[in-house]
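In structure tokens below, several structures.
What follows is a pair of complexes built around chain A, which joins chain B in one and chain C in the other.
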Partner chain A sequence: MERLAIIDLSSEQVECKDIPENVQRMYLGGEGLNAYLLYNHLSPGVDPLSPENVLIFGAGLISGCDVSSSRFEVTSKSAEGEGGFGTSNSGGFWSAELKYAGFQHLLIKGKASRPTYLWIHDGEIEFRDASFLWGHDTYESLELILDDLGDQNVQVAMIGQAGENLVRFANIMHGLKRAAGRTGMGCIMGSKLLKAIVVRGKQGLKVNDPEKLLDIFTSHRSQIMSTKIYPVISRYGTLTIFCVQNQSGMISVKNNQFNYFEEAEGRLDDEIFEEQYKTKSLACYACPLRCSHRYRIRSGPYAGVWGEGPEFYMMAGFGPAVGNADWDCILAANTLINRYGLDVGSTSGYIAWLMELWQRGIIDDKDTGGLNLDWGNKETILTLIHQMAKNEGLGGMIGQKASRAAVVIGKDSARYLYTQRGMMHESPENTRASRATTLAAATSSRGSDHLKGRCALEFYAMPPEVLAKIYGKPIASDFRSWEGKAWMAVWTQHFTTVVDSLGYCKFATIWPGSTHNLNYKQFCETIKAVKGWDVTPEELMETGERIWNLERMFIERETGILREGDIPPSVYFTPQPLEPLKGEKIDRAEYEKRLDEYYEIRGWTREGAPTAGTLKRLKLDGEPSHLL
Partner chain B sequence: MAQKTFFIRSEFCSGCGICQLACSLVKEKEANPAKSRIVIKRQILDGLMVPHICVNCKQPPCADACRRKAIIKDTETGWVVIDREKCNNCTLCFAACPFSAIVITPEVQVLLCDVCGGNPKCVEMCPTGAIQFADRAQGIAGPTDMAAVDIWK
Partner chain C sequence: MSVGKKEYTLRCMRCLGGRITVFTGDSAARCSHCGQNWRISWVTPEVAKIRGRIIEGGRKDGASSHN
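Here is the complex of A and B:
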């Protein structure tokens, strides 16, 4: 039986509850059950940083049982996104370990009286003093925790100085690079004086049909390893996306002013990283993809700097988005950001924004405290990261204010700040030419979310019959066409929500670009073997829709921002300046029309709220009487 | 008869633990790496991942340490096997093993790899070729090089 622990940091009390099977079946685990717990346990209208806010950790329903399924979701009222739906997902070992320790979900409320970390092992939860960790970065904290507990096998989710200093886009780090990054979950953790959650489980999971699960496990592994994307992902990880995306003219260069970065040619390629920096490939739990890399900078001003990562979003955010084509600087920034526990998307996005303000003369060296914000100024990039994490100077102001910084700076600065629902538009994403991706990212719950929105299969010009087979409806092959794209967006959002609720990694699914990867059919097999439920792809799709609608209800309750929050940043409505996609833009009237179509498919009103009929169909209409 | 045993190439181990999950499902019918016969020691900060599994020593120190003669070296196959009838889980073998290849469960039960009867599941599942099962006399120079071809240039 999956269990929930309600942990009150104020009184240091813990209450454990079994999660009823009907609730599990309706919301699975991970993101789905997190959304359900958040909706039910959070009083409407509380300040995100107050002790009344709740922070929920959720392992996936089948985490620890299948390949590539060890992902956990952290959910709370958003610290960065104007009090909306805050959620973020991370891989690694933590999720499986939490399940082996006897819990699927942790709901943390209140505020500790002193810096605290939680030590969770085999069904027991201890509150431990974290004063000796406070002020240390995540690498140091990890080492100190391993020493403190005398166990090298524990898994740690923690915050760095950024979370302690309540930076609005601080993230929760796991290990050296894995992060629940968006919506400032680390900021919420810091506001509760919770430094880390350490788990170790030896209880194991009794599954419904172990023989069957072993067969499924074996076949899913072979399936993932037989795709054409596997050799690429297992060598380069997500870095492989960069060259393709850059040469397609879909990258944000200098805060979305351009869409192709010529300087990066031959300098930021994934092969160069592989040859000159990478020292080892590492994997998340039970995952054959091993898309994480260790690296060391061998020479130059940052010689000796080592770390883990980086992903495509990191290198494109600290590369083209800030006008930098130097791998050394990107990697130095990556190590710094992981140590401090900052979100790469927002950090690089705000730095790019400041640099554009500098370029346009909206801020000068009096505003920046003497920093020179020329594009690609490496020292400035690193200094701003230090400032954000430590809450000093210009960077500190940005870190504390996030999108409200435009009010502080004033003048014309808001015009160049591309946010959505208060979330910084993920800096490298410049996909205005691809319609489904634009629509799905813009309508996502946390705002500007490529992990829910990237309809990757849109980019490959697949034959219509293949697309129809996957999506069940006709979809145009051309990414610039709107035909069928509203449905593609809806389908992708449901799919990614189910994946995040089950705990699978999206890279093991058909999401990133191989139609031969795991799909609903494989999820059903695993659920059958683990839980014994006879679920169908249709039921899972409806589950995804239910979770999506619940998140929408939360957004409606907390912020009231519906349709006006579903519009992509203003820059999407201006033409791309450079080839090969020169002139491509989203037409505003066309977008509104497609948004209507999207709402209609969803069964939402023209304002973007779920109708009573839709809620009834999804069994979301009753009082939450099955409240945990 | 050729005697087969395990060869470890820890430089290829990504630390994923697929082998551990598979082993616990095969042997314990549950998903529980703590009860796997193969252990990966992970030094997270160093990025060092080292699989530990019984390498079927020619003269097993664990068998010498066992007072109940519960651990036997099979002379034909070369495999070191544990007789569960005789074993009283005293863990002397665990202390004696120089390779940290004997596992003690949370319930203090001694676990020793039995090579799945000659077709080890962990080897089948390992995505990088970090664990191999091959003729002791021949070694694995060939197969390991092949297995590693797609990982490193």
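Here is the complex of A and C:
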């Protein structure tokens, strides 16, 4: 039986509960069960940074059991934006280790009286003084924790100085680069004076049919390794997406002013990274994809800087989005971001915004404290990162205020700030030409979320019969067409929600556009072997829908922002200036019409609220049910 | 010459629909649909990918989408 630990930092008390099977079947684990716990345990209207807020960590239902299934979810009331549904997801080794230690979910409430870290091992939970860690970055903290416990095999989820200093878009970091990013979960952790959660377990996992599970593991591993995407991802990781996005004219250049970055040609690509910087490949727990890298800068002003990553988001966010084509600077920024524990999308997005304000004369050197914010100014980019994390200067103000910084700066600054639900638009994303992706990202629970919204199969001009087979309904092959795209958005949101609740990595599934990767059928096989449940793909899809609707109920309860929060950033309604997608934009009237269609498919009102009938159909009409 | 070489198909990133056929070891290929010339690299001897565009004309900046 999987267990939940309710940890009160104020009283240093722990209560452990078995998770009832009926609750698991309704919400699985990871994102789904986190959402259930948040809706049931958080009192309405609580300030996100108050001790009354709760911070929930959840391993996936099958984390540690199947191939590529080691992800965990962190959920709370959001620190960034309008205080809505905050959630973020990370890979690595932490979730499997948490399960080996005897827990699937941790619900943390209250606030510690001093900096604290939790040491969780084989069913035991200890509160330990973290004063010696406070003020240290994540690289240093990791070493100090390993020394303190005398065990090199513990797994650590922690905050850097950004979380300690309550930067609204601080991440929770795991290891040297894994990040639970977006919505400021690191800020919530810092507000509780919780520096780290360290896990180690030797209890093993109880599964229903171990022999069958081994067969499934082997089969799924072979399936993943036989796809066309596998050799590319396992060599270059997500960096390979950069070329696709840039060449297709779907990348943000200089705060979304342009959609193709010519300066990147021959300077910024995955192969240059491999040739000049990469020192090794790395993988998450039991994953053949090994999409991560370790790197070292060998010469120049940043010589000796090393780190892990970077992902496509780093490359694009600190590349074209801020007008920079220098790999050294991107990697130096990546190391800083990870050491401080800052979110890539928001940090680069705010720097890009400030640079456009500088370009337009809305701010000058008196506002910037003497910083020159010309596009691609490397020293300024790195200085602003330092300032954000340390709460100093202009960057510090941005880190504390986030989107409310536009009120502080005033003038015409808000016009060039692209946010959704008060949260910075993911800075590299410029996918306004693709209809399903725009709709799915904009209507996602945390807002502007490519991890829920990217409908990758939309981009590949696949035959209609193939799309119909996957999605069960007609879908236009052309990504610029709206035909079938509202359904494609709904389908993708349910799929990614199930994936994040089971604990799979999306890159092992059909999500990135590989139709031969894992799908519902394989998920059902694993659940049968692990839990002994006979689950159908249709049942799993409905589970995804249930979780999605519960998150919507939370958003409605806490913010009241529904339809107006489902509109993409204003720049999506302006035409792309450069080929190959020159002139492409989202038509506002058409978008509103498709949003109506999306709500109708979901069984929501025209305002975007689930109807009573929908809640009853999904067995949500009794929430909060307090079953756990 | 493609004799003895393996064929691989890529999707053109300019017209986003046209398919480009390349043969083992090719370092460049042109899309027959839109005419874009691409730099090609090989992830493995069997798997090719587009590395970047070959710029044959001048730079084509448009006006900012914010105006």
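By definition in this document, the second predicted complex is superposed on the first by the 624 of 628 C-alpha atoms of A that agree within 3 Å, B and C clash if a C-alpha of one lies under 4 Å from a C-alpha of the other, contacts with A are read in each partner's own complex, and residues count from 1 in each chain.
Operating definition for what follows: contacts are C-beta pairs under 8 Å (C-beta built on N, C-alpha and C of every residue); 3 or more make two chains touch, one makes a residue touch a chain.
Every value quoted in this text rests on a predicted model; they were computed, and no experiment measured them.
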> Should the superposition on chain A be reported as showing a clash between chain B and chain C, or a fit?
Replying inline: fit
>> For A:15, using the defined touch cut-off, is the partner it touches chain B, chain C, both, or neither? Pick first, second, both or neither.
In response: neither
> Once the shared chain is lined up, is A:279 touching chain B (first), chain C (second), both, or neither of them?
Replying inline: first
> Now for A:288: first (chain B), second (chain C), both, or neither, which partner does it touch?
Replying inline: first
> If you stack the two complexes on chain A, which partner ends up touching A:235: first (chain B), second (chain C), both, or neither?
Replying inline: both
>> Just to be sure I read the superposition right, which of the two partners does A:225 touch: chain B = first, chain C = second, or both, or neither?
In response: first
> When the two structures are overlaid on chain A, which partner does A:257 contact: first (chain B), second (chain C), both, or neither?
Replying inline: second
> In the superposed arrangement, which partner chain does A:210 touch: chain B (first), chain C (second), both, or neither?
Replying inline: first
> Is A:269 touching the first partner chain B, the second partner chain C, both, or neither of them?
Replying inline: second
> What's the minimum Cα gap, in whole angstrom, linking chain B and chain C in the superposed view?
Replying inline: 6
> Can you pull the chain A residues that chain B and chain C both touch?
Replying inline: 231, 235
> Taking the complex as given, what residues does chain B use to touch chain A?
Replying inline: 14-18, 21-22, 24-26, 28-35, 41-45, 47, 49, 105-106, 124-125, 127-128, 150-151, 153
>> Per the contact definition, I'd like the list of chain C residues that touch chain A in the complex.
In response: 11, 13-17, 34, 41, 43-44, 47, 49-53, 55, 59-66
>> Considering only the defined contacts, which chain A positions touch chain C in the complex?
In response: 228, 231-232, 235-236, 240, 243-244, 247-248, 254, 256-259, 262, 264-266, 269, 271, 356, 416, 459-461, 477-479, 571, 574-580, 582
> Which part of chain A faces chain B closely enough to touch in the complex?
Replying inline: 64-65, 67, 93, 100, 122, 139, 142-143, 146, 152-153, 175-176, 201-207, 210-211, 213-214, 217-218, 221, 225, 231, 234-235, 274-275, 279-288, 290, 294, 308
